[in-house]
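Chain nomenclature is as follows: A, B and C, assigned in order of appearance, with residue numbering initiated at 1 for each chain independently.
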Amino acid sequence: MSKSLSLLLFSMKEISNQRIYQTLLAILIIIPWLLLIPTSLFMMDLGKVFMDMLFTFLHLWLLIYIFFLAAPLLARDIEMGTCNMFLTLPMSRAEYLWGRYAGVVATILPILLAYLISAVLAFEFAERTWPGYVLSGSGVQFTYGVLLILLPYLALTAVLFFIASTATGLSETTVFLFSVWLLCWSIPPVLGAMQEQNVAAKNPPWIESILQFINQLLPDISSSQISLHLAHHIPLENMAVIAYCIEHLAYSSLIMIVAVLLFQRRDLG
Amino acid sequence: MRPEYLAVNKLSKQYGNNLVVKEVDLVIRRGEAIGLLGANGAGKSTLIKSILGLVHSSQGSVEINASSSYLPEQPQMPISLSALSLLKFKCKTNRLPPSSAQQALDDVQLSKQVRNQAMREYSKGMRQRTSLALALCGEPQLIILDEPMSGLDALGRAEILQLLQQRKSAGTAFLMSSHIVSDMVQLCDRVLIMASGRVCETVELHDHSLEEAKDLEVRLAQWSHRHE
Amino acid sequence: MKSHSISGYIALSLLLLVSIHWARSNSHINQSPPPHHITWTENQMYWHKALAGAVPAIAADLAVLNIFNIYAQSQKEDISNRSLWWPQLYTEIRRGQAMDPYFRDIYRLTEGLLAFEAGKMEQAVEILAMSEQRLNSSDPLLAASFIAFQELKDSNLAISLAKRASAKPDATNLAIGFSSSLIQKKNGCKLALDFLKSRLDGMPPKYHKGIFLRIERLKKKDECKGLI
């Protein structure tokens, strides 16, 4: 078994043994059922509202996972010197960083699966409770959406590794990651708005150029149109989905390669 | 002649304008134990980290011709896991039989009950023993120890020293940094006294007696005073 | 801990729980009407989109919940004061529509609250007409057409909206019938018949029977006899 694969399994065990992870897992099994309560307040598109809420919680807990589980793990590794233990086993820095990244990403899967199963069962229940207002096949649409929404978070996790490979500690890592996330969150809709003629006419073109440049550097975590379309059962174009997957996987890999290069040059305390 | 496990040649490390390790030469052979003695900031830990590749040396070379392991000064371990899980992980990555993990934990006398508990529940001494077990697991040929006795009580130190001496007799080589001269005298054949990043003096130890320890302390004080 | 101190803590906790319950039920302060000058601008939409980021659909859902709240608050006011809430009602509906233009509840609330409760007919027609680009449903356009004809007395707009509603894939005989009667009133029997015939092309066969019935009915009308 390669060292990175061993570290992947070790990281999964390390993260999943933490109480915050286990609490998150338990909460996410209950959440879809609780979300049926606010859903019942709406009138017609109940299935869509339910899916909106599930997608929003997906974004929320993925962020919780990255900020409160992955970031402290990596910051502690590098700041406190836990990574020295791995590197002197021995293990190369590239093996360490890729193994940790794969481990952090793989540990999302059990909670994702639990959330998905619970949500699909809740959809089945909703479909029977509000026939006509929850479209059949919503569970499938939701599963598709979950897999697609996960991809930008793989890129954000890669950005976390990039930041941590040069940062001095948890505070620095968290502040930079939060800033990146904030920009990723708000720039794509602003850029979308700037494409409209009346807005473009009001703003000087260099503002859009700067925003476009920043946006190219950051991971595209918007995925807003994906969730919007799937919630309304509007089919996604296959080519666009393929391009979206390639974009995020390529971006994640590129950022991880840069992170490894930076980490290899770094003196560890 | 016994095989060379570690050869350090003119190793230097500079942070900005500050030269923290200056042209250190060092050779460790099979069954040999070398001590690094120096006051705080003398450059011992940086030298060890440069040897291990954790810190990039500014100049010089390091050649390790043996399986090696490292015990850091302040071991930081994944506290959500047990000592046994940690050692089993080392066995997997180094392709060692899983029994090596149990053996190493037996060697450092970490009780069977404790080794299955999460390390967040361990005392400092237990963590130190776990870290030592990690360094000893798989019987590496060269073990680099940075303050191995910190956190251990007198009895624990004696037990661990005895264990290290047994390993040394079996051919394991050691590079050990410590503040505690008496521990170093008991294990090491040769001690390098460091001050301001430089090896100031190499002292050969013959009978590992109390007198040698006292003599070493005097020399250390002299060198440290000179470089203040 | 002694048993009397435990019972003391329990008693104190119960007392605090009762206080919290009492305070919560008596601290309700009615929401005051929002400032009357609230208006919807396109710039607001961009800010809302930036804030909603990856989850614009939930922002639309929250807008709907806000609409429910505005309606509930307005019902607590005297009829003369209810209009203070309508600018905010319009803003929330616009926000919801901008965030999720596919959301049918928004159009239903536009028709139900903005048009018939708040009496903002022009604004309601404007929002309902926005559904054309996004929804396959004829409902909002038909409602807009009805409002334009009945309340705004704008036959041209009503006919245009009714025609667009009838062109939707789910357009029912109700939509087609309404359109044809509007056209007949405004433009006469010939154009109404042409419109009905044109519907046959884009309509699923199950709706053809109803269209034929309407054509027959139109032909039998006194004012149309001899014209067709």
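Criterion: contacts are C-beta pairs under 8 Å (C-beta built on N, C-alpha and C of every residue); 3 or more make two chains touch, one makes a residue touch a chain.
Small disclaimer: the values here were computed from a predicted structure and weren't measured.
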Separation of subunit C from subunit B in steps, with touching chains one step apart
2
Which pair, A-C or A-B, has more C-beta contacts?
A-C
Need the most distant chain from subunit B, centre defined as the mean of C-alpha atoms.
C
Please identify the chain lying most centrally, where each chain is represented by the average of its Cα atoms.
A
Length of the line joining the C-alpha centres of subunit B and subunit C, rounded to whole Å
75
Report the inter-chain centroid distance for subunit A and subunit C in whole angstrom, where each centroid is the mean of the CA atoms.
35
Distance between subunit A and subunit B based on Cα centroids, please, to the nearest Å.
41
Can you list the subunit A residues touching subunit C in their complex?
38, 41-45, 48-49, 51-53, 55-56, 59, 149, 152, 185-190, 192-193, 198-199, 221-224, 227-228, 231-232, 234
Subunit C to subunit A touching residues, read off their complex:
42, 45-46, 49-58, 60-61, 64-65, 68, 100, 102-105, 108-109
Of subunit A, residues touching subunit B in the complex:
1, 3, 6-7, 10, 13-15, 17-18, 76, 80-82, 84-85, 87-91, 265, 267-268
Considering only the defined contacts, which subunit B positions touch subunit A in the complex?
49, 52-56, 68-70, 72, 74-78, 80-81, 85, 89-90, 92-94, 118, 131, 134
